[in-house]
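One chain, chain A, appears in both complexes that follow, with chain B as partner in the first and chain C in the second.
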Partner chain A sequence: MTAVAARPARRGRMFGGALPYILLSPLVVFIGALSFVPTVDTTVEAFFRVSPLNPPTQFTGLGNFRALFASSAVTGAWVNTAVYVVIGVTLSVVLGTVIALALRQRFRFRGIVLALVILPWALPAVVESVIWSWIYDPTFGVMNSALHSAHLIGGYHVWLGLDRWLTIGLIEIVQVWQITPLSAIVILAALQSVPLDLYEAARVDGAGAVQAFWRISLPMIRPALAVCTVEALILSLNIFDQVYILNGIAPLGSSVMLQTYLTTFQNLNFGGGYALSLLMTVATAVLSMAALALLYRRPEAALWRWRYEASGRRRRSARSRPGRSAGRWRAGPSGCSGGW
Partner chain B sequence: MKYSGIFSKRAAAVALSAGLVALGAACGSSPGNGSAGSGSGSSDSITVAVAYPAPPAALLDQFTKQTGIKVNWVNIGWDNLQTKIAAAASANTYFADAADVDWSKVGEYQKTGWFYPLNQYFSPAGLQSDMPQLKTFVSNGQLIGLPFDSSFLVTTVNQKDFGKAGITTMPTTLAGWTADLKKVGTANGIASPLDIQFAAAEGLSTCWYQMTAAFGGSVLTAQDSPAFTSPSSPGYQALAWMVNAYKSGLVPAANINTTDYQGFTTEMAKNRVAAAMCDYSGSVASIYNVPSSSSVVNDVEYIPTPGAAGAGQNVANPDGIGIPKTARNVAGAVKFIKWFTETENQALWAGLKGSSDVVSTFPMPDRLTSFDLMIKANDVEQAAPLDAILKAHAQPPFPNGAPPWYVQFSAAVQTNIHEAAAGQETVAQAVSAIAAQVSSLKAAG
Partner chain C sequence: MTLVIILLWSLFPIYWALNVSFSTLSGADSAPAHYVPSPLVGTSYRAVFGVDGAGNGISGQLGRSLLNSVIESGGAMIVTVVIAIFAAYAFARLQFRFKRVIFGSVLATMLLPAYATLIPLYRIMASLSLVNTYLAVILVYVSGFLPLSIWILYNYFNTIPRELEEAAFVDGATPVGALLRIMIPVAMPGIAAAAIIAFLMGWAQFLFPLILTTDLSTQPVTVIVAALDQQRVVPFTLLMACGVIAAAVPGVLALVLNRYIIQGVTAGSIK
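On to the complex of A and B.
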């Protein structure tokens, strides 16, 4: 015991309490060099005219920002991106929840299905976009072929590039296809951590499956839903690969990230690109924090509120039906399958 | 004292971390050092980055045997390659020892100084007579790149399809061309017989310059001002003709998202269309007569581009190769450029000694002496008609050369024509938007 206790003391003397900081140094270096320094640099240079075609670099104040908001391509891209976000967040969280609920049930080949569900998430966005470009192809695409065979369309359609909202919707479907699996897995993990006795108690209390979902599952998985929402929000805000591959640089479905790329590397207007990047960073941070503030609730809080409401119901029930035991609510095993 | 000691140790640790951060940042951003070399890098290999497949390995091996320099060939799509060159140059990072210098980038590269002037290695005056498109690569007296092909836009037709419609004499006017295409479509069961690309990409911009030339003009004046704002101007008429061709169904609806190369390989080469405007010189050899990927082998031929009143001009868009300022092996790159552009090799890439030496998608040689070799060798892949078009009709798209702001101009051109074809704006609105962009770019210098 004495020898074991002496080791930390010696180490402490050797490094003088600085050991944690020394161990953290590599991380600080990486985060600093790869994230902090570029962020500061971008923030500062957003207020300068930086263009190799128009030297020298000059302070322009809010000039870059004014130019961005005067550009119809950029303002259109903000509107498009807002639509990408609404579709992406809504569909990925709703579908992720539905898939998680389905996967929570026990059935044959559940493991294989689980692996297949994860597959789209594991593929690079570029690969998926190329696959979907074949699906949407107006001449050879599966989509036209399937819809035509089902007599849902009279002739082959050009899906992308002609109608703004249809183009945005179809592009976002590709992203939803990619990000939904992660949402499903995160929500599934949260669902499996909900104690089974809650569902049993609810069943005893006369709650149906839908009611149990709304009153138990949903409040208990709110942290997971918050994480999924923020994840979908960030990815939708930063959508680039799908837009670029499926629709090129056409303004019709252009996103803010695509405009950032074009401003910076096509137009060689680095100052404008920095400004747009800064606006996107601020938008991402504000929206993510708002989503967390709205959605995130500790599951314990939901549990205690539910238990408080349930005990109220039981008291009322006991008054009307003498002989029923309130103690049964605490009974029952805890597990991770079954129930809603 | 205790707190002071802890503080000083923590401060030392933080200072150490901050120092490392600063060091890392400095290493990542130091201009001119480390990654950015000036010919002092490896002398036994070079990296070549162009938008073309590599020449056959046996021929590259010959270069290695002659010079001791191994070539690492990087083939990147044209649009992406331009971005990579800009990103690497602006970050002062090594990218390649020899890289693509497109005709449209010459003004930009001269202004930014991203490429070495090649005047000390090659004599523009001495090469001009053999390389008719060399002057396209000279800006303010600096030779920014050397052309490695004599690409110009051409019109190609599937003469078998035209024959089925009873058309044996090809039309020379756009009115006759439109009427004949409708007949060809009906005779061959092709609903939309003409390939013109409408994806918002560089090919759409270039096609507008070509169609403007067919209408007898140019989109910019010698002072780089818009020459297309009047409805009677060739540029305006060309844009209206293109949009109408799409909206009237002469061009497949799917072409709204089709790039130039996609159109040639998936439509013309598969006989889904019967003609292509704004095709590449060299497509017959490198795309249509390749049996493994084409169903129109020996059916496609070049014709003089139909114009408003007789055969029109053809816009020249040659590819060049130059040496970025961040190259590590400048001497090796110079040797490679000499080898890559020499007379016999240029003819080899175009099929002088059979398909085994051909560089896929290579248009036509940069040198007239290479054309002579090919014509002497029994008119390899229609070298004679191309040689005739090159000498008589090929012209640069802009009288004053590509302006330094060409990229922004082209972005406005391609997006607005695309939008007009998609029905998002009218032809007049597209023309106004492009003209406004030119004015803005000129005002910004």
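On to the complex of A and C.
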């Protein structure tokens, strides 16, 4: 107790209260100069005509935005990106949950399996995209060969660059392959923090495995699912590497990030690039907040409801052992807040 | 069974890259495809490493770009972790004004997409004549990796009992002394997690080095592999060997140090 009281005084005496600011100064310089200033710059310059080939910079109001939306490549890229996001978020969260559920139980070599499952997350997206481009390749690709051997297709197909939605789907699979391990690990950690007596109590109440998943696991991993959704959302809104390698600069499967790159660094229309960047930054913020508001919910509320319904059912059920399970339920919801 | 499917999904593309890289061009070009190299040869790797004098200068490009990747991701890792240790310690242990505001704004930049900073960062580096230097790449990486590193270390510092430091204070240690001699040694697993994740993120970067580097003196291996892929003149067995080599460093690190990665990723994600 005395030590706690003495600490601030001691620190104050030694450094005159400046120590925290000394420790933080490199961080503040970095984040200030290389994150905050650029973000403000993007916000302002989006309303100016900025071209290194054609100075000076002039105020154009919404001119950059109007010019962008007159381009079919740009509007198409917005639609494409929306599709990338829908596929990417859905697949990575669902697959992540499935993988986490499969890896929840302890078994031999579980550590090794976990290490192997993470591998796609750790490798550069560019290299992964090059690998997948040869899997999808019309003449050398293993996808044609395997599907043909399985008699699922009559002849070899050109997978990328012909059909817009097929191209987008196949490119997004490459990203899903990379980001799913992250979701799986996060969801797995959440699953493992669920107190086991919740499942025990549910079993006593006669709930099957499926019911236990919907009524206990799902509410408990909801915060983790929210985090995974937002992460997948940001990554798929930003999709670039996979599109650059697998689609090239063609408008067919182009993403907003690819258009931003082309507008800015190929066409040297910096103002247009700024406008696209600003729109996407705002879209990212709005969608992330919306996803968090919709999905992030502390698990207690759902569990209390389940407890209430379960106790109602218990009263009617002849098989239940009221004294024991009632005691467990009381411990359940308060006990789980410690896991978070 | 589920497990087999999961492993197949996770590993098949990686296996396929290895398979192709160890095949001859005609062996890899056959229909139906060979699922093991036949014949198994190391010609692609010999060419990539320039052993036979073959490979049309790929060995030089790949070697130099690997060195660049090591310098850029390694440099960014060191700077990020050092700055993050000091900042995370201040956030976790010290009381000061505007703490919540500063902490909140730093973490909020994690949600900032690359869009928000891409063009201004290029222009800042161009105005400082830093385009195509290691310094520009490292500075940009550090600004991007700091929030996650701080979050990982902040959580780790919070798991360390305060009594450890109290004991040091009683012995007359200063806060800086306690940080250097108590917190850092005890927090080594957390620091390792932050470091390895920063290194992997650096190694995987593509868009920022694509605009910030212009020639082989600074281009990392991701940019070179993409360039070789775009040229469409390199035989694809050779290209796969390049890809395998570029992925080998993060791949081996992830396999060996996966414990730290899992710990860091879950610390940085939950709650």
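Structure notes:
Please note the rule applied: the second predicted complex is superposed on the first by the 289 of 340 C-alpha atoms of A that agree within 3 Å, B and C clash if a C-alpha of one lies under 4 Å from a C-alpha of the other, contacts with A are read in each partner's own complex, and residues count from 1 in each chain.
By our rule, contacts are C-beta pairs under 8 Å (C-beta built on N, C-alpha and C of every residue); 3 or more make two chains touch, one makes a residue touch a chain.
These numbers were taken from a predicted model, which means no experiment stands behind them.
Of the two partner chains placed by superposition, chain B and chain C are both touched by A:Leu24. Annotation for chain A, partner touching more residues between chain B and chain C: C. Applying the stated contact rule after C-alpha superposition, one finds that A:Val37 touches each of chain B and chain C. Using the contact criterion defined above for the overlaid structures, shared-chain residue A:Thr75 touches neither chain B nor chain C, since it reaches no partner. Touch criterion met: A:Asn247 reaches chain B, while chain C stays clear of it. Looking at the shared chain after the overlay, A:Gln105 reaches neither chain B nor chain C. Applying the stated contact rule after C-alpha superposition, one finds that A:Asn267 touches chain B and leaves chain C untouched.
When the two structures are aligned on the shared chain, A:Gln58 is found in touch with neither chain B nor chain C. Judged by the touch definition given at the top, the superposed model places A:Pro138 against chain B, while chain C stays out of reach.
On chain A, the surface patch touched by chain B in one complex and by chain C in the other comprises residues 17, 21, 24, 28, 33, 36-37, 137, 139, 248, 261, 265, 270.
By the touch criterion stated above, chain A contacts chain B in their complex at residues 16-18, 21-22, 24-25, 28-29, 32-33, 36-37, 52-54, 73, 137-139, 158, 160-162, 164, 247-252, 261-262, 265-268, 270. Taken together, the chain A residues at the contact with chain C in this complex read 3-4, 6-8, 10-11, 14-15, 17, 19-21, 23-24, 26-28, 30-31, 33-39, 41-42, 45, 98-99, 102-103, 111, 113-128, 130-135, 137, 139-142, 145-146, 148-149, 156, 177, 181-182, 185-186, 189-190, 223-224, 227-228, 230-231, 234, 237-238, 240-241, 244-245, 248, 257, 260-261, 264-265, 270, 273-274, 276-278, 280-281, 284-285, 288, 340. Residues 2-3, 6-7, 9-11, 13-14, 16-17, 20, 28-29, 31-33, 83-84, 86-87, 89-90, 94-96, 99, 102, 105-106, 109, 111-124, 139-140, 142-143, 146-147, 150, 162, 166, 169-170, 174-176, 200, 203-207, 210-211, 221-223, 225-226, 229-230, 236, 239-240, 243, 246-247, 250-251, 253-255, 258, 261-262, 265-266, 269-271 of chain C are the ones touching chain A in the complex.
If you check the complex, the residues on chain B that touch chain A are 5-6, 9-10, 12-14, 16-18, 20-21, 24-25, 28, 82-83, 86-87, 89-90, 108, 111-112, 114, 199-201, 252-254, 256-257, 259, 266, 272, 404-405, 407-408, 411, 414-415, 418-419, 422-424, 444-445.
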